[in-house]
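Two complexes follow with chain A in common, the first pairing it with chain B and the second with chain C.
So, the complex of A and B:
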């Protein structure tokens, strides 16, 4: 629904009516208004779009970089593997929210920084995950047979290894989308992400928390949307893993 | 066939492969998977490599296809250093594996598997025709090229794996226990197929197996391996008529009785001792010492010498009995 937000008959999420602040739900504003009199439904719909975009780009970037490093690290082993894994270990030892805060402190808040922070935070998981399955897969006979045919490492990795471990990556990726949405919302809540007046689920909740006792709807509705989104992506991840697992019969039919 | 004089294709000299194994946190020992092995495989010849699991036959096979680096020793292929040769023409040396289920990429159709092999060789012609010809060679009709591996039976998968190896027209093929994962009836079909294909394609083959009748069926010559060492080497006729080494006789004694009559009473059981213990126990003398009924002091002290019984028959034993 957020994808077609521009087509929906919603009021402008950026323009408020200061005579109607913090109104509870009413026919004109189905979910009520926020502290500046802006329509909450409209802000949630647009805000979800912003949250999803950040989570999607950040998770994708982290996934692509992580998978590439994991493939290289797992397949070649040796010194390359050692170096990659030490960097990953270092990153894993720092909570990604701290990396994000440090990044924001260095370069100032903004969408790009949030995406970079997300990507950096998610990469290590993929490296570890992919490295592990690559190390198992590369000793399977069909990979050895490909080596005996003299195929290049790039071809072996892309044609023989990657397609056979993709189900692990896809499952992790969809799960990470949920995590990313939470992460982006968390940064927004802390005021480190998207800057006002752009709506974003986390910042809506963040700015609404001051009025929690007099107008609880301002944080309850975006909170519900956030929870449903994350739960939805987790369920999708589980379902996809079942469908894509090569050992399940659903495939190829 | 075995009477022709043939030139050597693969020659291994003093080939060894040692692994470091941890027994506990502080104790380490050297596992001699392959220990000082000499081996020759001639052109257009099938050499059977017979041995129990853990005897180092797969490790030896992997070294001969340059998948494993020897700890010491030298391998010549076509009178060139194997490593050099592989750098130039990787595809001349191929391998077929034991497990048909993991031999084929589950995401590739049979046709794609074979086409990829053809692309890797210098083949220029119609890929689709050649794929069908290869499938016919291994006894599958051309519709199989549309199938995914999981739609095939174990025997069919193994046929495709053989077709993939032969697609590049190799000079040397290592067949590592290729029938041990298959049903008895399918096993026979695959063995017949391999023999037929060897006669058409004229490659040399190292046929690795733990099963004596199978090895005799396929091979021209047979090397018997025990605990990283070759203990007897002979043509298959000599090995059937006149097995000399106590371990070879033990293997014959281990064949189900229906077949063992073939070997006219040369069977001799050995004492059973745990395998792992055997391979890692550092002994100066014969590896079989603790199991052999003929063992004497000299077997304990000295490594068995090479005894040539005939031009083609060698046995590594102090006490060999005729």
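So, the complex of A and C:
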């Protein structure tokens, strides 16, 4: 629904009516208004779009970089592998929230920093995942056959090895979308992520926090939307893993 | 690999991590746009003051010399002076650290004491009401944002019922809400793992043997099953440390809990770079040390890891 936000009959999420601040839900504003009299439903719909966009870009970047490094590292081995894995170990030794905080402290709060922090935080999982599978796969008959046919490394990696591990990647990616949404919302809530007046689910809750005892609806609804979004991606990711990966046992049915 | 070798291997690992972190933090301060001396001096400083600071912090020396000085300072636990409070960063961070540790351990304790048995019972009584609750907690725990859960708890227990304080410290009741908040996201994976591991172990031969010997269900569960589920649960707790740290930063801010997490967030808004740097360094150090302890716990619980293992 957030994807078609522009087509919906919603009031502008950035323009409010200061005579109608913190109103509880009423016919004109289905979910009420926030501290600047802006329509909450509209802010949530647009905010969800912002949250999703950040999560998609962050998770996609992390996934693409991670998969590429994992392929290279696992296939070529040797010095390249050693270098890549040391960087991955270093990244894993620092929690991604600290990397994010460091980046924000460095250049100020903002969307780009958050996306970079997300990508950096998610990359190591893919590198390890893909590297492991590539190392198992690269000496199987069909890969050796492809190599003997004189195919280039890039072609072997993308056409012969990658399709075999795509299920792991797709499942991990879906789960990461949920993680990314929570991560971005957390930073937004702290005031270190998306900056006002742009609506984002986390920052809506963050700025509504001060008025929670008189207008709890401002923080209740965006939270529910967040939880439903993340739960959706988590369940989808788990289901995908169970369906697509015949080797993994059903972890939780 | 002997236990001793394992220990050495791990300690070297921590050392490498610490060096990486120091280098990372050094580059961080150095890559701040603009002149670090001007930044430290403040916006309205005269050129003389800036020059003085440049001399004081050795900013006029070449970069590699600065890196070495920085290394030596960090090893002596000299992390600089806070711009905001004018006190040494180390003492400020260390004075906040017990609060963060108390909160983290309290939530971890809640998560394990509820999560471990709940997962086990859910597995034994599969598809029962308990299992349903366990499933619901897992789904909710991984999806509900920590800060939102915290606010909802404040709304319910502090604003409506007025039974628990909404923030700050002082009495033992102050820790209840933040600890519960922080425990949920950690509890979810523990329940999940405990349930899965118990299911797995229940189907194994030694459990069937124990049952065939006529041991009661309780004895089988405690003596034979629980011990074996501990290993995956410890692994999960170890993997959740990063989560716990992120949760701590957010939970401390929600409940005005005076820990390192809140210190970092406040320092960012005050542009207190030495403080941000110092706090990140100590948190990262803490993270590395706790990971090390988790690895040790492994070895104690499962003697098999002493042979061969190590590379994880």
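By our rule, the second predicted complex is superposed on the first by the 241 of 253 C-alpha atoms of A that agree within 3 Å, B and C clash if a C-alpha of one lies under 4 Å from a C-alpha of the other, contacts with A are read in each partner's own complex, and residues count from 1 in each chain.
Just so it is clear, a contact is a pair of C-beta atoms (placed from the backbone, for glycine too) under 8 Å apart; a residue touches a chain by one contact, two chains touch by 3 or more.
Every value quoted in this text rests on a predicted model; they were computed, and no experiment measured them.
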Chain B or chain C, by number of chain A residues touched: C
Which of chain B and chain C A:148 touches, first, second, both or neither: first
Touching partner for A:160 - first (chain B), second (chain C), both, neither: first
Which of chain B and chain C A:234 touches, first, second, both or neither: second
Which superposed partner A:140 touches (first chain B, second chain C, both, neither): first
Partner chain in contact with A:47 - chain B first, chain C second, else both or neither: neither
Touched partner set for A:106, first chain B, second chain C, both or neither: second
Overlap of chain C and chain B interfaces on chain A (superposed complexes): 252
Residues of chain B touching chain A in the complex: 65, 67, 90-91, 93-95, 97, 99, 102-108, 116-117, 120, 148, 150, 161, 164-165, 168
Chain C contact footprint on chain A (complex, rising order): 89-90, 93-98, 101-102, 104-107, 178, 182-183, 185-186, 189-192, 202, 205-206, 209, 212-213, 216, 219-220, 222-223, 226-228, 230-231, 234-235, 251-252
Contact set on chain A toward chain B in their complex: 140-142, 144-151, 159-160, 163-164, 246, 252
Chain C to chain A touching residues, read off their complex: 17, 20-21, 24-25, 28, 31-33, 135, 138-140, 142-148, 151-152, 154-155, 159, 192, 195-196, 241-242, 245-246, 249-250, 253-254, 264-265, 267-269, 273, 276, 280, 283-284, 287-288, 291
